[in-house]
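By letter and in written order, the chains are A, B, C, D and E; residue numbering begins at 1 in each of them.
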């Protein structure tokens, strides 16, 4: 059952990711990106990471995608015109991507430990929100604050960069 | 005054004079002349005094360069029979020529410079004479070269004089190249450069005859250059561009004889190297004959004398090579110094009278205008041509005798050269002093003042008498060959009279040269070959190398690497063509490459 | 004793205070903000000397380390931010022109405030001992730099630079994260100290996976320090960015990259199996970087861009030093080099800005005749160029010397040979500036060059330090961690 | 049951797809989407690692999930800033094509 | 040990003079005064020097990089004093001869003084590292001097010389690092004295790679064939004082380094590459000699001639014995003085006529007798005439080199052998060099000073003022030392450590 779910969502995620790459219309790409994010959230669920799955949907599928779509609409982007097909770019890109995948496969396939079935959790209803929150606010206090500053800077930056005229 | 100090005074007074002239010469002309003369006469007087003294056992010396036993060059004076005689010759002739110069140079520019140069020359020449070791001799050898350069180039504004000086120096340097190598070889074999110490080691050296031969021949190269032997003789005729006293003193009497003197110095070594002596003999003999041939067709009064000098030097070199003692050659050196100097001074006197005209076909009939000069020339000529009972007769014939005994072919050849000598010198004599005056100058020529005539007369006396056995035995210990063919003396007389007669016949009243032999007139084309070689081969080769330096060496070592680097930079720049995706691609390629390196075993 | 984290807190507070001051102030002249920032940072700098380096004691449960190195880099970051702010004050007229603003001076205050936050990020990076903290601090720095690079929105160059930096920076972030993931996956840890502990008990198969992750982390850090082939953003971004930010990127960001590189590599170097491979990779990267940076700089005519290539070139030397880390002194050599690099690069930028203001451009040709127009500036530039090229009696020479001593000691003869070509090229392109200043006649319409007192004193300090450290490097070596 | 290798390979493929997006697409926005995919791939790996390598208490390693949380946050901030830059660029240049960004070169 | 070395004063005087000039002092008088003070101070040091004692005197040491054993150690022995003397004399001559240029005279004089300070520092350093550093001090001033105040194709020349020399220096630096690293770890030092102690106790292995780096580095700096092409061009284009300092003093650095550092520390490696070195130095003497003959302009000719003369000094080094190395040291001095005077005079001629082309000049001795006389002296010194110090040097080099190596002459194994070993062949070629140098020097003299005087040069001023004084000074030094070379030998020889 888990395997089936895994395959369904994984394939959905990968296919929609391919959509992102291969659709020529930016809006279509953005929509498949949403799909991909949601599928990924589902995959997270198969990994018992409910909190992360929720955050994934909220932040990515919710906020980030809205931002993307907004911008696409704002900029009034059309379908990419058929410019000259750059065979060399596709070939080169393909080679790089292929090379990366083969390196990854080499690593994964050489590790028998990775093919062990998923062990059961000692506490099947583990409260991951509690665990994550606990870690975040206690152990990971420092990065958390750094992230806070980061967000502040990002906010200021976005305002600076996108306001038509600064006052 | 001790015999240890005297040579030092003789040696360094001229240097002091030269230095003072350099510093003060521009203030007063006469001061310069006075300084030079003072130095020469001091030297002359002291030399005569020294000649009378017995040899001192120990001479003063100071180490000029010292590295302990390995290598020490000292400046020290050798006082022996050889050097004493040579001192006499050099200082006496210098004193006379210096005096003569007072008159000769009176109206010339560069008066102080001239006397400065003469003093420097005297210093250098005396250094050669007194040298006790090869390096010291080499040093002064070089210095006479430079003073010769200065004096030949006295009229440096004239292209020919400037070129002649340069040529003399460079040709001498070629000889010095061999000389230096010879010195190095001797030092390498014996560990010393001192003549006496090398001589002491001669028995050890004879076990390697080829080595010794090579070393001697190399050292002889120095003589070839300095004493203008074939094939390095070309500079001497050209050096006649210098003022006549210079030609007389340096290029006839003393400096050119330094080569012979040097051979005499190392005579004990040469004695045991028959192969080297053979080579030396041939060089001397050929030079003697060929130069005499060339002299027969020259028309420049000084050049004839110059070729004559070369020819006579050939006799001396031959003398060193064939005679059992060096005194045979030194004897000729001694007499030659007197009569050749005299001849040059006479020629100078003619030139002054002729306003520096040297072309003898523009002269003629000077016997009435210049009686004293003619007389002096005549005396010198007799001695040169080997007229019986003059000095040349004694000294030259002795060498010819030895040559005939040792190497008959050469001997007879140089005996023939004696005839040529009589011919060319009488030719010159007749053309200058007889016949009609062939130019305005010749018609209005005037005799010279006493300051010039007196030294000439003094030399005239010597020219005739210095060979007389009663006189020469004070200076030399001569050995005479046995078994000389009787025909030789007859032949020599025949040669002398034949030469004189032929000259009289052809030239007594000739207005132009009745015979023309271009081969001799053009000095056997040797000068032309050299000219061609220097200009085309050396000059061309140098130009090619210069081109190669710029376009090949520089290219390979500098330009190509730098251009390659530049091109590399230029090419790399094109990776940076502004496109983010290209950058991302190269980034990705870098990632993949890096991963592969890390993951490979 | 002050708790070390107070330093960052102070800097962040300073930033927030300045932001508020900016938004509430009515004055159009925002220079006072810069002065405030400089003063504030200087105070923090002074404060940093009251903190004791204590490597053993880990703050905040192992995320935050206060050893000599981190303190040193905190100061490094503070000082570079201060000089960047000085540069920014000088550069203000140009920023004002190129920022779309409704009224004069609007939008310039943030130009002084953002570096303060970046500085906080850099300081956190200096102390980071855990991949998560490294990541967060690094992103704080990077994202704030995105904004700063693209700051001059009316300048297409600035925007283009910002975009390139953004895309490639994000790409490298992606690799960084993915690499960390793998390291975490194999060791179960994100803390460097724990990773080191776990590494030793790993199987061979695991090691390959760790190398896979580490490779990607290296890539991301290579991007930060501008190592070839991850350096392509550098010339473009350096040329387009506002000049003070270029300087900041060139010095602070690169130094932080190196610091992280040192920190990250440290645990992995302890594993015998990794060492040769890592050294090989570092040496290869170094060789490529050296060749690319130096050779491609040769034909440059734009000075800012030239400094971009130069920063790549120097990264090459630094990497060579890291590759020779087996040498006892290589670490110090690298840090020394960074300090020298700090001085000479900032000095070059300090001269560049007034020249740009006076001549309206930043090509090498704009330096023509500077020797006569402004001898002091020219002298400063001469010192900077000489030091960058590695002329003796400048700190740059000693930097190169220490590095090469280490690499020869570690038998990297290939790198030394590459060094011959690169040093020669270096002389060529740095001396082009000297040539322009002294050989060339000044342009006729050139405006007089003016320098503010602040930057003049900064220049003076840099120049003197370059020469003094060039004569007596021990002065700095002694206080190096 | 899917094993860790499944997840890792899927995540790797996702990462590669993101990379392909960056390398092949010419629209800045889509390139940016590709970058987001790459970050997501990392997240997936992290979560997978955290789920499979259980801690001593038999629970997932929640540190990884915290890290994912951070990554998501950072990604959001990055998207915001990035999009702002792209908007500014578009305003100035009327393009979001990478090929039009070529004034800075060589 | 810790007291301040008086040599520091020598280094600092030019630097302070340069600073004063940059601040605003009169450039010409300040630099002449500074250089004169330096020369006098050096002479005082020579007086206080105790020639009987072995080793360095006036030593002071100050650790600079303790972990690498680098310390700023100053000290002088006889050989360094000779070189310091050369440096100070040539500096004085150079600043005297210098003519204030129209543009930026301050930098002009300051650059000259900086070069001077660099060479003084190099020769006064006992520490190999500082020896190197000080030499490099000249790099930028040279670049400026040629580039700003040069003549002809000055830009190309300045670039070439600077980048090429910088490259050479860097190679040299690698070599020096190598030299440091081949010492055993515990006793590693850059201090020459300690290096030599290490070498003498057999702790330094044969290191051909290091030697080749050093040879290449020093060789480029000294213009060893075929790395010489920068030199003639740079000297031809540089202003006269710069050529004087560079060709006269700075270039001696490399040979000094070879004799001083390489010979005692890596004798085996030197031996190993002797054939190579001999071939190259014969290239210097014969090949470059003939190239010199082909030159048509005085400045280029002098440039090439200075390259050619390096060959003799290399020969002295290659032979590695006391005679030859002493000869090489003497030649360092003599060539430095000679070429300095020649370049000074070359500058004077250029200043007067604006051309150095032989075909355009002639007969100048008539109108400028002092110029002609000085040039004559210098030319004669250059061709190695006895009476000048160069002769002694050449002589020693020839003798030393000829006596080096395995003999192949005489009776060997009962058979008569007559063959020359490599050294002797090289020496033979080198001796031919005396003919070559006579050819080009006399030709130059002939073309410029002799022959008829063209109308256009009939109003040239003669040498005068400081230039004349400086030239007379240098010539006087050459003559005095030429008459008494033993002074130099006594100073230099104990400093030469012959393996």
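To be clear about the criterion, contacts are C-beta pairs under 8 Å (C-beta built on N, C-alpha and C of every residue); 3 or more make two chains touch, one makes a residue touch a chain.
Model, not experiment: these values are computed from the prediction.
Undergrad: By that same contact rule, can you tell me which chains touch chain A and chain E alike?
TA: Where chain A and chain E share a partner, that partner set is B, C.
Undergrad: Moving step by step between touching chains, how few steps can get you from chain B to chain D?
TA: Tracing touching chains, the least step count from chain B to chain D comes to 1.
Undergrad: Determine the set of chains touching chain D that also touch chain E.
TA: Looking at chain E and chain D together, the chains touching each of them are B, C.
Undergrad: Need the central chain here, defined by C-alpha centroid distance to the all-chain C-alpha centroid.
TA: That would be chain E.
Undergrad: Quick one: which chain's Cα centre is the longest way from chain D's?
TA: B
Undergrad: So which one's got more C-beta contacts, A-D or A-C?
TA: It is A-D, judged by the count of C-beta pairs in contact.
Undergrad: Centre-to-centre on C-alpha atoms, which chain is most distant from chain C?
TA: Looking at centroid distances, B is the chain farthest away.
Undergrad: Distance from the CA centroid of chain C to that of chain D, rounded to the nearest Å?
TA: Their C-alpha centroids are separated by 26 Å.
Undergrad: Starting from the mean Cα coordinates of chain B and chain E, work out the distance between those two points in Å.
TA: A distance of 35 Å separates the two centres.
Undergrad: Hey, how far is the Cα centre of chain B from the one of chain C, in Å?
TA: 76
Undergrad: Roughly how many whole angstrom separate the Cα centroids of chain C and chain E?
TA: Going by mean C-alpha positions, chain C sits 43 Å from chain E.
Undergrad: On chain A, where are the residues touching two or more other chains?
TA: 89, 92-93, 96-97, 100, 103-104, 106-107, 111, 113, 139-140, 143, 147, 150, 154, 157, 161, 164
Undergrad: Chain B: which residues touch two or more other chains?
TA: 573, 576, 578, 580-581, 584-585, 588-589, 591, 595, 599
Undergrad: Check each residue of chain C and list the ones that touch at least two other chains.
TA: 132, 135-136, 139, 143, 146-147, 150, 153, 163-164, 167, 171, 175, 182, 208, 212, 235-236, 424
Undergrad: Which chains are in touch, pair by pair?
TA: Touching chain pairs, listed by label, are A-B, A-C, A-D, B-C, B-D, B-E, C-D, C-E.
Undergrad: Can you list the residues on chain C that touch chain D in the complex?
TA: Those residues of chain C that touch chain D are 131-132, 135-136, 139, 143, 146-147, 150, 153-154, 156-157, 159-164, 166-167, 170-171, 173-175, 177-178, 180-182, 184-185, 188, 190, 235-237, 239-240.
Undergrad: Which residues of chain B touch chain E in their complex?
TA: 63-67, 70-71, 73, 135, 138-140, 142-143, 146, 149, 153, 156-159, 161-163, 165-166, 169-170, 173-174, 176-177, 180-181, 184-185, 187-189, 207-211, 214, 538-539, 541-543, 545-546, 549-550, 553-554, 556-558, 562
Undergrad: Which chain D residues qualify as touching chain A in the complex?
TA: Per the stated touch rule, the residues are 1-10, 12-21, 23-27, 29-30, 32-34, 36-37, 40, 43-44, 47-48, 50-52, 54, 57-60, 62-63, 65-66, 68-70, 72-81, 83-88, 90-91, 96, 99.
Undergrad: Taking the complex as given, what residues does chain B use to touch chain D?
TA: On the chain B side, the touching residues are 573-574, 576-581, 584-585, 588.
Undergrad: Residues of chain A touching chain C in their complex?
TA: Against chain C, chain A makes touches at 103-104, 106-107, 110-113, 139-143, 146-147, 149-150, 152-154, 156-157, 160-161, 164-167.
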